[in-house]
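We just call them A, B, C and D in the order they show up, numbering each chain from 1.
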Amino acid sequence: MTTAEATKVKSLKVQRFQPSDNPTKNFLTEEKGVWAWMTTVDHKKIGIMYLVAVTFFFAIGGFLAVLLRTKLLSGSSISFIDANQYNQLFTLHGAIMVFFVLVPSIPAALGNFILPLQLGAKDVAFPKLNLGSFYIYVIGAIFTFIAIAANGLDTGWTFYTPYSSESGTSVLLVTFGVFILGFSSILTGTNFITTIHKLRAPGMTWGKMPLNVWALYATSIIQVLATPVLAITLVLLMMERVLGIGIFDSALGGDPVLFQHFFWFYSHPAVYIMIVPAFGIMSEVITTFSRKTIFGYWAIALSSLAIAFVGFLVWGHHMFTSGQSPIATTVFSFLTFLVGIPTGMKILNWLATLYKGSIKLDTPMLYALSFLFIFSIGGFTGITLGALSVDIHVHDTYYVVAHFHYVMMGGTLIALLAGLHYWWPKITGKMYNETLGKIGSALIFIGFNVTFLPQFVMGSQGMPRRYYNYIDQFAPFHIASTIGSYILSVGFLLILYYLLHSLWKGKRAPANPWGSRALEWQTTSPPPLHNFEHSPVVINEPYDYHRPMEEFQLGIALDQGEDSDHTEKEKV
Amino acid sequence: MNTSAHDHHISTVKQLFLVAMGLTFLTFLTVFMAKVIVLPEPFGIIVALTIALAKAFLVGAFFMNLYWDTKFHVLLLVGSFLFFFLMVGVTLLDTLYRDDAIPSF
Amino acid sequence: MGRLFDFMLPEAKSPTADSTDALFHFINEVSFILLLGITIAIIFFAIKYRRKSDDDVTPVIKHNNALEITWSVIPLILSLIVFAWGYSGYLNLKSVPDDAYEIKVNAFKWGWNFEYSNGAISPAELHVPAGRPIKLVMQSRDIIHSFFVPEYRIKQDVLPNRYTYVWFSANEPGESHIFCAEYCGTDHSGMLAKVIAHEPDDFDTWLTTSNTGASDDPVEHGKSLLTLNGCQSCHSVDGSKGIGPTLKGIWGHDVTLSNGSTVTVDENYIRESILDPQAKIVKGFELVPMTSFMGILDDKEIDSIIEYIKTLK
Amino acid sequence: MANHSSAQTTLHEHHFVDTDHQFDAAKLGMWVFIVNEILFFGGLFCAYIIFRAWYPDLFQQAAYQLNAVLGGINTLVLIASSFTVAMAIRSAQTDNQKGLRNHLLFTIILAFVFLIIKAFEYNHKFELGLFPGAYYNPAPEVLEHLNHPKANIFFSIYYMLTGVHAIHILIGIGLLISLYIRAGRGRFSSKFYNPVEIVGLYWHLVDLIWIFLFPLLYLIE
């Protein structure tokens, strides 16, 4: 049985259990039918439902982005969309991508599936709450879509007052939708923290947790500490529109810059909610595909916590030009640079892990390596933005747009793709077409850079963001960027195609196609309903690739009296 | 993680009652300090908040059982307070030091 | 100067731009070197250590303190340099020289106008003497805008409840773009203006001859008020439909309101539409609200506007 | 918190080792949730502190409009209710079914008393036209003591703080009633009183927040 009290157990009857490559039963075959899915408390099914929802929203968000880019092929106002529609496009694109895609993507979709498996638990601590979070997410989404259907939204994803207190669009409904969504995020965070504290398998000490778990732990802490502030900010914004409370509305005596503090107090940490889980995936993929112990386990584990903590104190770097006091501006700038150090440590630790490894360039690894390249660019340009005098020039230009696409799309989303390809066999029990996978990753890499590199240039040349029209000088950059976004679309469609294809036509996936040592690979693909046939026992560190696989396939023998040949006594 | 959940603390009626009395006393004290002995600012608010913190301590330690609970739960409560102060403190860095205070209108 | 990333920046036209540009180049060049290092390492490792057989054994390298300290300390030093540099540049941008020439900037949806000490107001064009520090005292009438001149490397949000300041100095006579950099609704991207730097003497001549907006003829006065206050970014005077209804031919006619009732356009209705636009909203124009001009236009000015609207048949 | 209902049969769910394990987890979950609640209110307190730092005189003038006696009584009511909740937990721990039901009932009654007093306070404010923000429209007698251009903002903050707190009381009443019903069916015992303890934690938190609200809003001289 799973227990957190593992340290108390002095010796256990353990036995090697080699997972079958051809399980007869798994969580997909056991509880079937729409109703079973909708009422399931199984973290794996909930994870898959999140994944489907996130993909759906990503397709919508991406479609809006492509529309928007198509408009920007020309800088004139004679176009198939007018200025108000354009404003709604980028607002909805940004809001959907941030609140509906990136925040839940890795933790709630992949994390839900993988976290209990990696801990050797049967489920998360509060399975019903987990299902509840999913429904809260769906309800939030429905609200938002009602809003879009009603009047749209044109405030930008940042909802700055006083524009948002007076805009004629459905600000109220959307904020309410996002408010509901916030609870989903808070509850998931609470659930994960409790799970990690209480449901680790026997022998799974903090020092033996996979780095992905550490990353999810840091993420959950940020979610619990930051999201409530977003919630109260949105409540104030809603009350602003319903009751005219005016705390943020200058027309009523409030202070609009205060809103920016409140908003960024959540939204800067939120960017770490998005990127830290991506770091978790990176650690898993890089070790697996270089068959090598991670370099600097504790540095990577604890730097996530450091990023989480310092990340809370830098929000004002979005407000350098806002009229915030020079003292605050200086302090925020200083702290901003400190975030770069732990992040840099991670990047370099992964590089060092590659050194003398046994590297196989399968699709997940290709994504992981492009992450290293692209995210570094995103991070370095973050440093540019943190530098006071330079940010005064590039703030609210396409330079910022390029920066955050490099970190969010090039960082998180590419890590998500890495994770998705990595765990696809575990989740679905099917292998995708490797060749198409490689082509897909190349298209994404090329398309991405073609789309967003030109934006750095035009941004520092002075092209402001959220512009429906632009002066001729910027046309070449915009055109290049739009072409890039078409390449990206082709790439994503290809990925969508071969992944779906694999569901029906794919080869059966073995239990451990990549030869990983992690716990989730020591059960069948897909896993059984309760994850493991036998509660796993952990004796090695998670990335001990120099030890034989047998030592990772241990479980507590159910019938302790019976003495089979394989039974060994292990000190834990 | 070794949590000492196996011996749940059960408070006696007397303990609980004393805590409630303590809280009542502090409530009267804080009203007395504010309305009868009116201290000049900032001392008034300092006294009021000190009393409030003392009350919070009583509620947290004895009603919420933190006195007997695992340290981690204490950390969560204290941590979230510290965190709140951090958030307020840094925001005040802006709002108190704007070179051009809000014009009156 | 011929630096690697020169192509990224527009021409620099203010003395404060130099520090900004130098820092920009510094960060870019350092980042470029680091990135090159990372990329080469990735490619090199991926080739050199590619998997040769399925039972490759890899060495156990768990950490290396010297290495780890190096790669924490060097970035730390680099970022401290960047911080200090950025800070000094920022101080420059914040400390307005004492002899600066002051101009008042009004921002509104969706335009700018610039008020000079002699009362002259110029819409959409900021005229300045070259070679002299200029201090802009900025305020917004409605929501937040942001004053951005790429060639001077300056940007400052313009707030509705406070004055904000920014200063620059034009090195040479010439023209530069002004953009609004804070999203402010429908015509955010049309909220453009120009800085025109003159030789000091030319500037003085321009100033004395320029229009102060005051005029004895109410119709003329009303017409110029419409330009100065940005009414025309929403209202046409030629009958075409914009963000707001056209002002042509409304005088004396009935308009349908969003609640279905109708009113006749007379003095009081126009007055109310200007001072309290939300009181009666014209049908079909519910989405983008008009800003109130309470406290901005006085009675006499409103009267002039009414006179002008009467002439728009 | 989500895992109570299956309690009747096995008392703990399959992914936990035993009931203690499950209790521990539920309690930790609640504490994490409390962190989140504190930051939720923290946002409002932050707005309070910032505006108070900007306009100290406003807060002094406006506090005059608040009824410290009613606020004080409400403080005592909440302290009493915290006490009864603690007693309810104790009763459950000692298998005292009757005590459990009675103390839960007392708590619910006290919670309603709190809300009724609050309603009187609000009503009085409304009569004086002390509405939040845009609807602020003070009666002449208010202006004698309170004449500040940002008075509307003070009342916005007042209503937000007390209103959000009152919503928490309402939620608490709902939770307490469901406990009361389950207690009536004899669901709780010294072996299974986890839900009582968890709701108790929540209720104490609501008390804790009021402990800060009271001096900050009502006792400014």
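We adopt the following convention: a contact is a pair of C-beta atoms (placed from the backbone, for glycine too) under 8 Å apart; a residue touches a chain by one contact, two chains touch by 3 or more.
Predicted model only: the values in this text are computed from it and were never measured.
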A-D against A-B, pair bridged by the larger set of C-beta contacts: A-D
Of all other chains, the one whose Cα centre sits farthest from chain B: C
Chain A and chain B, separation of their C-alpha mean positions in angstrom: 36
Chain C and chain D: spacing of chain centres that average the CA atoms, whole Å: 46
For chain B paired with chain D, centre-to-centre distance based on mean C-alpha positions, whole Å: 15
Touching two or more other chains - residue numbers and ranges from chain B: 3, 72, 80, 83, 87, 91, 95-96, 98, 102, 105
Sites on chain A at which at least two other chains make contact: 4-5, 197-198, 225, 229, 255, 257-258, 323, 326
Two or more partner chains touched - positions in chain D: 24, 28, 32, 35, 39, 42, 46, 50, 149
List of chain D residues in touch with chain B within their complex: 20, 23-24, 27-28, 31-32, 34-35, 38-39, 42, 45-46, 49-50, 53-54, 56, 68, 72, 75-76, 79-80, 82-83, 85-87, 90, 93-94, 149, 200-201, 204-205, 207-208, 211-212, 214-216, 219-221
Chain A to chain B touching residues, read off their complex: 4-5, 7-8, 197-198, 225, 229, 255, 257-258, 261, 265, 312-313, 316, 319, 323-328, 331
Contact footprint of chain A on chain D as seen in their complex: 1-3, 13-17, 21, 24-26, 28-29, 32-33, 35-37, 39-44, 46-47, 50-51, 131-135, 149-150, 152-153, 156-157, 159-160, 164
Partner chain A, residues of chain C touching it in the complex: 7-10, 19-20, 23-24, 27-28, 31, 34-35, 38-39, 41-42, 45-46, 49-52, 54, 56-64, 67-68, 71-72, 75-76, 79-80, 82-83, 85-90, 92-94, 142-144, 146, 148, 150-151, 153-157, 159-162, 164, 177, 179-190, 192, 286-289
For the chain A and chain C complex, residues of the former touching the latter: 77, 83-84, 87, 151, 154, 156, 160, 162-163, 166-169, 250-251, 255-257, 290-293, 295-299, 321-323, 326, 329-330, 333-334, 337-338, 340-341, 344-345, 347-349, 351-352, 354-361, 369, 372-373, 376-377, 380-381, 383-384, 386-393, 395-397, 456-457, 460-462, 464-471, 515, 544-546
